[in-house]
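There are two complexes below, and they share subunit A, which is joined by subunit B in the first and by subunit C in the second.
Presenting the complex of A and B:
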C-alpha cells in the first residue's frame, strides 16, 4: 500500500491539491463540511500511518483513545472539583507515553519504543495544554469531537506548529467570509511555494549535498585541539542552514495547508536570524514550541516558586526557571548528552542575556547603542545559535567518541 | 472573485503546465553538449547517478570512451589501474567505468539498455567477479540502489518477445524496486507472460521515458563527484614517462611492497587497518568461507542476459576473470577446488556461445602484489590486465561469431554441478 512522509514528494502535494479543491470551493461559498474534512483527514492519516508503517497507526489510535479518556475525564471532574494532586497525576499520566518514547532509546541501545509514532510529542503538547487550560478554568466547554479534530488535524500532526485548543476551535466552528478567505488562500499558496524553495532546494543543497561532504572532511581532520577543524566550522553553519530551511519549509507547508482549509494555524518562524539577542531568538524560532514552554512550564514554575517563596530575589527565580525550562526542552529532544548540553547552553545563555540587559539598563549613559552595536548583536546571536546547533547536531559525539 | 482567484492560482497553474510540458516533451533543450572535463570526471566517478542515467554515458561513449562493466574493483585506483594507464600513455581509448560495489549482471543488463547505440558493433570490457555467483545471486537492496526507471522504461519500449526478455521481466519482478511504479510493474507482467503491451501502457511508458530522459539531462550532471579524477591524476604522476612492461612490473612490485607489510596476507595496510584488523584479532574470519560456493546461483542466468545483449548488438567483449588472494583464500578456508570448478563452468558458458576473448587470471592468486586486498586486483594485477586490454582495444579484432542458447536461463544450468558438464553437453 501507498504510504508517504507528510509533504515528502510531488505525489503527496498532488493528492493534497485534489483533496482540498472541494473544500476550497465550499469555503468560498461560505460552507464548511465537517464530514468531508473528517474524511480528508482520515485519508491523509492513513497515508501517513498506514501500509508498512501500520504499527505506528495502531500506536496512534491507542494513544489518542488514552488521551481522550484523560482529558475528557478531567474536564468532567473539573466542573465541580479542583484538587491539585489529582491534576498533577493527570498531567503525569498524559506525558507518560511521551516519556517512555523518549527514554527508551537511551536505555535500550538506540532502539525506538513500540508505542512511538511520528508526531507523538506534538500531540502530547496539545493534550497537556488542553488539560492545563481546563484546570485554569479558561477552557470550559470541552468537546470530544472538537478535541479529536484538534489533535488529529492532519496538516500539523507530524511536527506542529502547536496550535491551542481554543484558538483552533474558534476557527473550526466558523467560516471566514469570502474576502478574508481569499486572503488566506493567497497566503496559503504563497507559503507552500516559499516552502518548496526552503525545503526542496535550499535544505536539499545544505543537507543532502553539502553536509555529508563537510562531515566526512571533519572526520578526516580530527586530531587538533578538541578535534576542531575548519571543516567542522563549515559543518556548523551548514547544519544550521539545513535545520532552519528544512523545518521552516515544513512549517510553511503545514501553515499553508491549514490556511487553505480556513484554519489560521500560528506561524512557527519569524526571521529568527535577525534576532539581536537570545531571548528574542526564542520569540522568532520554533515559536509555537517556545511559547508553549513559556506558557505551560516557565510561567507556571515562576508562579509556583513565588507562591512558595523559594527564592528571595525575583531575578534568581527567573534565572533558575530559565535553566530548568531549557533543560526540559533538551531532555524532550532526546536523552543524549548533546541534547541536554544544548538545553543547558540555552538556559545559561538566557540567564547571561538577562543579566546583561539589566546591567545595560542601569548604565544606559555609558554603554553605546548605535547601528554598529546592533549589527554586532545580531552577528553574535546568530553565531551563538549556530554554535548551539553544532552541539545539537550530535557531530561532536561522532568526532570525539567514534573510533 | 474570479479575478482574484486567477491572480492566486494563475501562476500556479501556468507553472504546472510549463513544468509538465518541458518534462514530457520529446525534444531536447540544448543540454546535449557535455564538456570533455565533465566526461573525464564521469568516466571514473563511479557515481550511481551516472550509472542510472543516460545522457553523460551516451555522450562519453560516442567520444572515444569504452564501457568497462564490473563492480567494486574499479574503485581500487592505483598507478596501474586501467584509467590511469590509458591516460598516462595517451591510448586512443579511455575506460568509462560502469559499476561499483553491489552491481552485478542484472544491473549491468539494464545499464546496457539505454546505451545500445554506443555498444552496437563496438568493443567493451567486462569484469566478472566470482563473488557475484553466490547462492542467492544479486542482493535485492543493492539492485534497488542502482535501479533506474529510465533504463527499465527504455527497455520496455523496445523489448522483444523472446526467452531473453521474458526472463529479464520475471527476474525484475522478483525485485522490490520493480514495484516502485505500478504501471511499469503491470507492463512487466505482460512481458513475462509473452504478451504485447496495451496502447495505454505504451503511451504511459513513452511519456514516462520522456520525463525521465529530461530529468536525466537536467540533473544528472549536478554534483558530479570529482575525487576519483584527482586520484587518477595523482596516481599518473607516479608513472615513468615511457611505457615499458618490465619497468612497470618492477614498479608495481615496489609500490605493492611499500603499501603492504603489516599483515601476513599482502593486503594493503590501509585496507587491512580499516576493515580487517579487528576481526583478524578475534579470529572470527578463520575458515569462515569453508562452505561458500560459487557453483549454484541465479547469477548464471543473469549473466546470460548480458551475454545475449552483447550478442544482439554484436559487441566484441573482453571478459576478465580475476583470482582471489591466495593467502587470504587459504586463511578463510575458501575451497580451491570449488574455484577451479567455477572457472570451468563460466568458461563453458562463455566459450560454448562464442565468447572467446577471456583474460583468465584465476591461477594468479599467489603472484606477489597481484592483488591489492582480498579479492581485488592492484599493482601487478592491473598491469597484467592492461597487457591484454590495450591490444584488444587498440588493434583490429576479428568479427566475433556468437551463437547463444536459451538453455542458460534454465534452473538446471543455474544449479548444475561443474563435474556434470560433459554429461550436460552431450544431453543437450
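Presenting the complex of A and C:
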C-alpha cells in the first residue's frame, strides 16, 4: 500500500481536494457531518501512517490511548481534588514518551526510538496543554471524543500549528455562517497556493538545488580560521531561506486545509524577517510553538519563581527563565550539541535584548530612533537569526568534526 | 479602594509610565508590557485585590489594553 508524506506530492493534494469537496458543500449549506469528517481524518491518517510505515501507525495508536488515559484520568480526578505533586507526576508521564523518543538517538548512536512517529512532539504539546488548563480550572468539560478530534486533526498532526483545546473545540462544535465560511474558504485556498510557491518552488530551489552545492563547497574550503569560508556564509543564508520557505509553506498547507474544513487553526508565521529585535522575532516565527513555550513554560516558571521569591529582582527572574525556556526548546529539537547551543544562543539573545530595551526606555531622549536605526535593527536581527540557524543546521558539526 | 484605581496603580508601577491617558492603547504592541509584566500583573492582582487569575486564563488578546484589563478584573472580582 502507498504511504504519503503529508502535503508531499500532487497526488496527496488531488486526494485532499476530492475528500474535502463534500465537506465544503456541507459547510456552505450550514452543515457539518462529524461522521464524514472522522472518515476523512482516518483516511488521511492511514495514508500517512499506514503501508510501509505501519510500525509508526501502531506507535501512534498506543501513544494516543496512553495520552487519553492520562488526560481523561486527570480530568476526572481534578473535579474534586487538586494535588500539586500528582499534577507534576501526570505531566512527567505525559511527556515521557517524547523524552524517550528525543533521547534515544543520542544514547543509541543515532538509532531512532521504536515508539516514535511523525508528529509525536506536536501531539505531546497538545496533551500537556490540555492537562495544564485542566489543573488551572479553565478547561472544565474535558470530553474524550473532542480530545481525540483535537489530537488527531489530520491537517496539523505531523508538524502543527499547535492549536489549543478550547479554541479548537469552539470551532469544531460550531458551523460558520455562509459569509464567514466563504471568507475562510477564500483565505484557505490562497494559503494553499502561497504554500505551493513557498514549498515547491522556493524551498525546492534553496534546499534541493542550491544547498547541496554550497555544502560541498564549504566542506572543500575548510582550513581557515574556524573553517569559516564564503561558501559557508552562503550556506547560512541558503539554509535559512530553505528552513523558512519549507516550514512556512507546510504551515500554510496545514492552516489552509483547516480553514477549508471550517477550523481557524492559528497561523505559524507573520513576516518574521521584518522583526526589529529577537523578542519580536519570536512573536513572528513558529508562533504557535513559541507561544506554547511562552504560556506553558516561561510564564508558569516566572509565576512560580516570583511566588516563591526565588530571586530578588524581577529582571533576574526574567533572565534566568529566558535561558531555561530556550534551553528546553533546544533540547526538544534533539539532544545534540548544536541544537542545545542554538537554544542557549537564543536564551542569551533574549536576555541581551531585554537589557537593551530597558536601557533604551531609560535613556529615550539620548538614543536616536529613526528610519535608519529601524532598518539597521531589522538587518541586525535577521543576521543574528541566520547565524543561529547556521548553528541549528548542524553543518558546523560536519565541518569541524567530520574527517 | 475601587478596582479601576487599583489596577491603574498596579499598571503604572509595573510599566513605569502613566497609562491613564491611553486607556485603549495596546500595551503589548507598544512594548510597555511583556510576558514577565503579565505575570507580575497577575501576582499583584492576587495580593492587592485578592483576585485569582490562573496563567491559562490570561489570553493576551483579552488583556492588552488598560480598559480591557479593568473590565476583565471587574468580571473576576
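Note that the second predicted complex is superposed on the first by the 403 of 403 C-alpha atoms of A that agree within 3 Å, B and C clash if a C-alpha of one lies under 4 Å from a C-alpha of the other, contacts with A are read in each partner's own complex, and residues count from 1 in each chain.
Going forward, contacts are C-beta pairs under 8 Å (C-beta built on N, C-alpha and C of every residue); 3 or more make two chains touch, one makes a residue touch a chain.
This one's a predicted model, so the numbers in the text were calculated from it and none came from an experiment.
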> Is A:182 touching the first partner subunit B, the second partner subunit C, both, or neither of them?
Replying inline: first
> Once the shared chain is lined up, is A:314 touching subunit B (first), subunit C (second), both, or neither of them?
Replying inline: second
>> Counting residues of subunit A touched by each partner, does subunit B or subunit C come out ahead?
In response: C
>> On the A-aligned overlay, A:355 touches which partner chain: subunit B = first, subunit C = second, or both, or neither?
In response: neither
> Just subunit B (first), just subunit C (second), both, or neither: which does A:209 touch?
Replying inline: first
> Is A:136 contacted by the first partner subunit B, the second partner subunit C, both or neither?
Replying inline: second
> With the two structures laid over each other on chain A, which partner does A:174 touch: subunit B (first), subunit C (second), both, or neither?
Replying inline: neither
>> Let me test your reading of the model: by the given contact rule, A:279 touches which partner, first (subunit B), second (subunit C), both or neither?
In response: second
>> With touch defined as at the start, can you tell me which subunit A residues reach subunit C in the complex?
In response: 132-133, 136-139, 279, 294-295, 298-300, 302-303, 306-307, 314, 317-318, 357, 361
> Quick one: in the complex, what on subunit B touches subunit A?
Replying inline: 1, 4-5, 7-9, 12, 223
> Can you name the residues of subunit C that touch subunit A in the complex?
Replying inline: 16, 31, 34-36, 38-40, 42-43, 54-58
> Within the complex, which stretch of subunit A touches subunit B?
Replying inline: 28, 178, 182, 185-186, 189, 193, 209
